[in-house]
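Chain lettering (A, B, C and D) follows the sequence in which the chains are written, and residue indices restart at 1 in each chain.
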Amino acid sequence: MIRPLSPTDVARRVARDIPDGSYVNLGIGLPTLVADVVGPDKEIVYHSENGILGMGPAPSPGEEDPELINAGKQPVTLLPGGSFFHHTDAFVMMRGGHLDVSVLGAFQVSETGDLANWATDEAALPPAVGGAMDLAVGAKRVLVMTTHTTRDGRPKLLPRCTYPLTAAAVVDRVYTDLAVLDLCPEGFVVREVAPGVTPEGLQAVTGARLTFAPDLTVVHPD
Amino acid sequence: MIDKRVATLAEAVADVADGATVLVGGFGNSGVPVELVHALLEQGARDLTVVTNNAGSGETDIAALIRERRVRRIICSYPRSAGSVWFEQFWRAGEIELELVPQGTLSERMRAAGAGLGGFFTPTGADSLLADGKEVRVLDGRRQVFERPLPADVALIKADRADRWGNLVYRTAARNFGPTMATAAALTVVQVREFVELGGLDPEAVVTPGIFVDRVVQVAR
Amino acid sequence: MIRPLSPTDVARRVARDIPDGSYVNLGIGLPTLVADVVGPDKEIVYHSENGILGMGPAPSPGEEDPELINAGKQPVTLLPGGSFFHHTDAFVMMRGGHLDVSVLGAFQVSETGDLANWATDEAALPPAVGGAMDLAVGAKRVLVMTTHTTRDGRPKLLPRCTYPLTAAAVVDRVYTDLAVLDLCPEGFVVREVAPGVTPEGLQAVTGARLTFAPDLTVVHPD
Amino acid sequence: MIDKRVATLAEAVADVADGATVLVGGFGNSGVPVELVHALLEQGARDLTVVTNNAGSGETDIAALIRERRVRRIICSYPRSAGSVWFEQFWRAGEIELELVPQGTLSERMRAAGAGLGGFFTPTGADSLLADGKEVRVLDGRRQVFERPLPADVALIKADRADRWGNLVYRTAARNFGPTMATAAALTVVQVREFVELGGLDPEAVVTPGIFVDRVVQVAR
């Protein structure tokens, strides 16, 4: 029986790949879960593109500062050692390759590491990009955290993205509710699968052709 | 004698012309110069190009400017939010132009204007449809798109404290676009919480030196 | 009898053209004299390209701070309202057109406003440019303060510069020991002359053809 | 746990390789990381490209590096000063290469490297012989020259105080090239006067956030 990972379990698995001492930007949505599950043994400096390094957890109710918000516009706190800077400098950090890890959501990822996470083909909504493209091109490692398929069961890991690209050939690793996959010269290489997931089963819900690592294991979120 | 303090919000925005390009600071609801935007609304300038990260939300500030048909064109990175109903309605009706710019490029284009540069190549967006029609060049082994400076007639920003020379410090993440916008506009107008004596700001900690500031008005919280 | 202006008198004449409240950069050498003669009725904010706004006068002997120096590497002070910033921002101010006035020295100025003030044709010394080119292209008004001729009597105001250019078509006004000249579409237009200087006499020591303003006056330094 | 403090100057520069490009902060004698440069001299790396505003003076720091034949090439804006005798002697003998860059362009090229940009157009020097061989384009009605980023292997800079995350504040005009150089090098090494506890620097007044810093060593004044 397939037991897909919960979003929190995927976040735990991502957290394991973030080394102590890293400078990390967590994209809006699923990626923000990562901060909640990183263990206290690691000191991670979280970056927010609106001008914060050293972001701490959400404030207690009633303690919110309406101007101290993260990129998702939620109230946050600042840790000792944190700092504020202006937007242009925040993007120097991103685009300039100073972040160790960027964790992003995705609509689609291609087997060449292309990322589509800012626009669908829906023309009824105005387009909006925010910092997605800067995050995708700049970090030393770009990790994608997403469900393996769309809500209606269509694959998100594809030979080529059909949605507008955010950036080409930037994704290093993808974490889904069903698997952990690396982007390699040969395309998607599956390193780990969720409990009960078979290679055939995973391939059936994936648009791109998968390669399975010889040492394929079952995901251990912790 | 230099004294950039003005007494009223109305005075601060009195001469913004129809057709002006106006930079408006803020990210979400943090650092938005709400009172200055309302003064601009009252002042009546129309046919504006507004440069800002978001496209307003609810019924205040930028959303109100849009609702009152003062904005011909908006240049921003993220016009969509829970409350961006006025923008969305005008956009769907084809009554407002949108130039979508990646957030870092938006900031960097304003910086280029303030820094007197003619443009720059950036990898951001180079493989996306936002590079359509722009020069793309491979530099340092990656595709990069040529982006041009984004200067403006007026910047409206919010800071925390100022002295009469217009030196500014900000508060937490409300700093966001302020320091860059201040450099990019011919006229930079700032609302602050508090005035301090000249010399009352630590010279090592001034974020926006007064050379970039033209008018400062106090708005009590 | 010709009475050339002293360097201090030239500085006084320049100072008269600097409006109250201006942001001003004074180049190394002669231009630094200007700060000494600006009257106390004006509040001028002096910029130094190494990262200072609001520079004050030289400190009292014994009060020098070896790190608080101006672009000429001389110890200075900071006035209340002054601020420090990094080099890149200092040049944003210069190149970005934020300075009201830049006062520069010159080896040569051409009748089209070209400025040569960084290199001669002497090959024995290594070339050095510093911030000269940034100052010349960026300020709202570029004023040149120089002797009318070289020490050995050769003209500095020329149809075309023979020394390497700092920047083309940037000079607004030239102040020499003999005259005040504006750069106009027709070339050098003489506005004021030192006591005893005749049009013919001035033309004789000038390489470019001069036009004399109809309201030509004698320089009053104060 | 992040702790960028290192105990000795020798440790701070231990792995600078022969052939490295090294940014050295300072303007005149203000903000020069003298002790770090001396540690580099002792460490022995040679064939260096040194990027700095001046070319050293007297017998210390950069002048000493040149005298000891460690510098193959210098990229700077103003190599000539009263005491720049070693540089001048080597330059005349053709034993050191010089790339002369206008001061603002030098700073901006390092910023471009730190900011991940592919280059920029600037009016500075566009009409001068320093633009020879470079692309020149008319933008916004003026001639502008295309300048490329200037990245480096190592930056040696001087700040005033630091915490263990590598956050930095500077002192007066000693700040100069430090904040920009810190962004442009793969390895940024800083000497400071004093360490403070984490949280001991005002988050509103940090000039160089620790993300740009790799090692900090204390040098008593």
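In the analysis below, contacts are C-beta pairs under 8 Å (C-beta built on N, C-alpha and C of every residue); 3 or more make two chains touch, one makes a residue touch a chain.
Since this is a predicted model, take the numbers as computed values, not measurements.
Asks: Starting from the defined contact criterion, work out which chains touch chain C and chain D both, please.
Replies: B
Asks: Work out which chains are contact partners of both chain A and chain D.
Replies: Intersection of chain A and chain D contact lists gives B.
Asks: Comparing centres built from CA atoms, which chain ends up most distant from chain C?
Replies: Most distant chain from chain C: A.
Asks: Looking at A-B and B-C, which one has the bigger number of contacting C-beta pairs?
Replies: A-B
Asks: Report the inter-centroid distance (CA atoms only) between chain A and chain B in whole Å.
Replies: Here the centre of chain B sits 29 Å away from the centre of chain A.
Asks: Go ahead and note the Å separation of the Cα centroids belonging to chain B and chain C.
Replies: Chain centres of chain B and chain C, defined by C-alpha means, are spaced 35 Å apart.
Asks: Whole-Å distance, chain B centre to chain D centre, using C-alpha means?
Replies: Result: the chain centres lie 32 Å from each other.
Asks: What is the distance, in whole Å, between the centres of chain A and chain C, each centre taken as the mean of its C-alpha atoms?
Replies: 56
Asks: Mark out which residues of chain B touch at least two other chains, giving numbers and ranges.
Replies: If we look for residues of chain B contacting two or more partner chains, we find 108, 111, 115-117, 122-123, 142, 170-172, 204, 207.
Asks: Residues touching two or more other chains, restricted to chain C: which are they?
Replies: Correct list: 78, 84-85, 91, 94-95, 137-138.
Asks: By the document's touch rule, what are all the touching chain pairs in this structure?
Replies: Listed by label, chains in contact pair as A-B, A-D, B-C, B-D, C-D.
Asks: Okay, in this complex, where on chain D does chain A touch?
Replies: Listed in rising order, the residues are 1-2, 111, 113-117, 163-165, 167, 183, 197-199, 201, 203-204, 206, 209-212.
Asks: Which bits of chain C are touching chain D when the two form their complex?
Replies: Residue positions touching the partner: 48-52, 65-69, 73, 78, 84-88, 90-91, 94-95, 114, 118, 124-134, 137-138, 164-168.
Asks: Using the touch definition up top, name the residues of chain A that touch chain D in the complex.
Replies: That would be residues 20-21, 23, 43, 45, 47, 53-54, 78, 80-85, 89, 91-99, 137-138 of chain A.
Asks: Can you tell me which positions in chain D touch chain C when the two form their complex?
Replies: 27-31, 55, 77-81, 87-88, 91-92, 98, 100-105, 107-108, 110-111, 122-130, 142-143, 170-180, 207
Asks: If we count contacts the way the header does, which residues on chain D are in touch with chain B in the complex?
Replies: Counting only chain D, the residues touching chain B are 108, 112, 115-123, 137, 139-140, 142, 144, 148-149, 169-172, 202, 204-205, 207.
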